[in-house]
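Two complexes come next, and they have one chain in common, chain A, joined by chain B in the first and chain C in the second.
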Partner chain A sequence: MRAYIKSTSAICAQQTFDKSEYLAEYIAPEGQYLKATEPPYRGIIDPKQIRRMSRIIKMSVATAHQALAEAEVQVPEAIIVGTGLGCIEDTIKFLKDIIEGEEGILSPTAFIQSTHNTIAGQIALLLQCPNYNFTYANRGHSFENSVIDARIQLSEGKDNILVGAAEEMNLQAFEIMYNMGCTGDRNKNDGSALGEGASFFVLTNEQKEGRPYLQDISVSNHITAEQLEKSLNSFLAKNKVDASDVDLLLMGSNEFEKDGFYEKIASLFADNTPQLDFKKICGEHFTASGFAMHLGTMILQDQVSLNNSYLAPQLKRPVRKILIYNHYKAMNHTFMLLSI
Partner chain B sequence: MSKRVFISGYGIISALGFDAGQNRNALKNLKPGIGKPNFLKTRQEVVVGEVDASNEQLTDMAALNGASNISRTALLGLIATKEAIQMAGLNKDTLIGTGLLNGTSVGGMDISERAFGKVLNGQSVDYKASFAGHDCGHSTQFIVENLGVKGYNGTISTACSSSANTLMHGANLIKSSQLDCVIAGGTDALSMFTLNGFNSLKILDSEWCRPFDQNRMGLNLGEGAAFLVLESEEHLKARNGKALAELIGYGNANDAYHQTASSPDGKGAFNAIKTAMEVAAVKPEQISYINAHGTGTANNDQSESLALQTIFGKNMPPYSSTKAFTGHTLGAAGGIEAVFSVMAIEQQVLLPSLNVKQPMDIIAAPNKEYKSAKVETVLSNSFGFGGNCSSLIFAQV
Partner chain C sequence: MENLKEKLKVEIIELLNLEEMTPADIANDEILFGEGLGLDSIDALELIVLLEKNYKLKIENPEEGKKIFRSINTIAEFIESKQ
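And now, the complex of A and B:
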């Protein structure tokens, strides 16, 4: 079933939130990971609240707000958020307080804001939204779980569903992940640097001329490159799409992990099929596929020009079908087909 | 969306015991599992519902030879899912197409919090072994890999309603024909992080908790895991499985009142229960027993009582909170109480509340005995931080 995308908004390392400047100029990252380029939050969030919110909450509230405003939706009929690590900043802060204070008297603020569903909960609170409210935290399929649930909710007749992906990084989390060997060299700009950000969408059943839609999504775990090929073929066949119909491949390629999966997928398409490695923009993180869906939607909707030298796919025009392929550490594989 | 969703097996591990039989006996004998922690290292003077086994013993129980540094969350989850599969009689081939949904609030925090202390103190740490299991999705992946479950999997983290939500989502996946069989539930281990978190909120009772008592002082934390096998009618018939109960209704709503506290009038709870009853197409007088969220905090029990009063009025069915037995097991609570709800149907009994000396003045006293009754339909509530309110309704088949 089609999930029509009324609107989308994202914050990532590059400028995507201010749509008048959408990916216009390359922002060279500072520091060791791809830190999000955050907008000024005043004017979007009540200044009294801004101070108390962690960055993942601010990024999520701002992008949710923009998506809802563009869709002209006041109160969504469901809020579903995917986040792999959740509110890691407040988690680390509270843990530090416990350890340094040797379990002494603690302020509960960081604990209160540390749970994964703080994001969806805060959005509901700000919107006074009493409806269905879910949070998925499933590694490289956190956003996928959310989208699959959103499709069920749409099929049950709910409309205007707010779906989002959110992740935040900070120095301490980065250092741990660096020591775990989870990140490549950000200077290489090969998609292996860790990133962060938020991407939100308003999904609807309502078809409209020129409105992009998620045609289908397919997920699998722990498969071989051969099984992946089969899985792609059946995914395309199920959707009556030929490889040559795909105008753009949005790939989660990450040079840090040479694993043959992305090469396999690329080999199944004609050489002149444009390919864009979206992690060069948003970095590697559990919910990077959420950003891919955002970028794909923007390309379909506005036929966004991607003239930047660091992106540079030669796009056939108009772009009508985009295939997203991503995998997280060869465990969680995802296909999403976006169409207009 | 008229497909029926049956429960064909369950597994449970909690402070009451390592399997379903031990848990049932503890309920029957009014024997709570709350006491001083033996395995959780903390300076806090508390009583908790701890699973009575070390990590090494749990590793053996899960038949993982010599594995180390695995979070209790993952271990408890694996033990409970194995029992559920065995009870349902799912074979290896069936597991390939089976899905798994896991609800957890802090995932592998019990391991990573210790390692993080070492990082802060400049001690050497094996980063991969210490932190690779931190995220919530790790326990899910660990469980599916060890079970050979190859179907769709998901992890829900909505604080204390996490595993109630996995059951709701599991039912949705079956009703929308995306899965025929799904193991759904949740797991959470005690951790220094959550213990100090609830302590900082000043909602821990240092003695045994007293849900629905006028003078209740707060909750006791617990740990555990429980998973239920959900199946479509066709799938169950095709493999000659036996239905133990049916999941007939579910509702999720957001209280949209406060990040941690429940609204005084229980608006979110009311909406969740109301939706669940609409989905189940049952009237208030058809509910035989309520397994309440009943944490024992002033705020929750007040809010939940008012929601129940609004729904049921004078026809208030017998209700109780089993948290005085198990402690509040957070992400696992919805699964554990779903298992208790199914047990109440199987055994045709009402489950007891404990430690109630003076009932609240706004609601009739909870049921305090393990006693026989006609139990056709059970409502189970789970409410959490972030305003998350979930209700499930189980029925006799």
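And now, the complex of A and C:
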């Protein structure tokens, strides 16, 4: 079933929150991972509320707020959030407090905010929203499972579903992941750079001229490149889409990680099919496909401005169908088909 | 005592993330909770943690806590009385 995208908002390493400056100028990253370019939160979030919010909460609340405002929705009928690591900054602070305080008295704020579902809970509290509230923490499919749930909610008659992806990174979390071999160091060019950010959407059943929609989503785990090809073919066939109908490929590959999966997908499309590696913008993280869906939506909505961007491939025709392919560590594979 | 009060203000601003506030913005006798500085029950727990960690002082009785956390003056007096 189609899930129409009323609105979307994102914060990532590049400028995406201020839509008047959307990806207008390249922001050179600094440090080992891609830090989010965050907007000034005052004016978006009540200053009294900000002081207890960690960065992931602020990024999520700001993007949820912008998406709801653009959709002219006061209270969504469901709030669904996907996050792999959740509120990792507060989790680290809380665990550090336990060790340094020798399991003595602990700061309540870090404890309260150290759970994954703080994000969806905080948004609901600010909106006074008593409706369905769910968080998916399923590593590389956290956002995908949120979207699948959102589609189920829409099929059951709910409308205006707020669905989002959120991830934050800090130096300690980066070092742990780097030492475990889970990521590369951007400074050393030795692998995909980690990123962070939040992407939110308001989904609806309501069709409208010029409104992009998520046509379908498919997820699979631990498959081979050959199985991936079959998976793509059946995904396209199910949606009655030919490879030549796809106007743009949004791929999770990057210059340091050209693996067999992305090469396999690229080989199934004509050489002149434009391809954009979205992780150059948002970096690698568990919910990077959330940003891909945001970027795809923006491209479908606003073809011209992105053509002027430093990142856009040469688009020779109006973009009407976008195929997103992403995988996390070759374990969690995702196809999403966006159309307008 | 004055040094202690200034130190407490710096610690509270940092601990409670009171952005855009400086020690000069908090009067020694200003009510910290409710209509004054506007702190709430989670802040009270944070202040209990602060006293225990930084000053090795425990507050066992909630009624006692209300009096101690009334203002910077009362917190400083409590710390002084125990040292």
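The criterion applied here is as follows: the second predicted complex is superposed on the first by the 321 of 340 C-alpha atoms of A that agree within 3 Å, B and C clash if a C-alpha of one lies under 4 Å from a C-alpha of the other, contacts with A are read in each partner's own complex, and residues count from 1 in each chain.
We take it that contacts are C-beta pairs under 8 Å (C-beta built on N, C-alpha and C of every residue); 3 or more make two chains touch, one makes a residue touch a chain.
As the structure is a computational prediction, the values presented were derived from the model and not from experiment.
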Fit or clash between chain C and chain B when superposed on chain A: fit
Touched partner set for A:Ser107, first chain B, second chain C, both or neither: both
Partner chain in contact with A:Lys48 - chain B first, chain C second, else both or neither: second
Which of chain B and chain C A:Ala28 touches, first, second, both or neither: neither
Which of chain B and chain C A:Val219 touches, first, second, both or neither: first
First, second, both or neither for A:Ala270, with chain B first and chain C second: neither
Where the C-alpha centre of chain A sits as vertex, the angle toward chain B and chain C in the overlay (nearest 10 degrees): 70
Touched partner set for A:Phe134, first chain B, second chain C, both or neither: first
Per-pair minimum CA distance [chain C against chain B, superposed on A] in Å: 9
Shared contact residues on chain A - chain B and chain C: 105-108, 112
Parts of chain A lying in touch with chain B, wherever the complex brings them together: 79, 84-86, 91-92, 94-96, 98-100, 102-103, 105-108, 111-118, 120-122, 124-125, 127-142, 145, 148-149, 152, 155-156, 176-177, 179-181, 219, 221-222, 286, 331
Chain C-touching residues of chain A, taken from the complex the two chains share: 47-48, 50-52, 101, 104-109, 112
Complex contacts: residues of chain B adjacent to chain A: 1, 42-44, 105, 107, 113, 116-117, 119-120, 125, 127-128, 131-132, 135-138, 140-141, 144-145, 150, 152-159, 165, 169, 172-173, 176, 178, 192-193, 196-197, 199-201, 252-260, 267-268, 271, 384-388
Contact footprint of chain A on chain C as seen in their complex: 16-20, 38, 42, 45-46, 48-49, 52-53
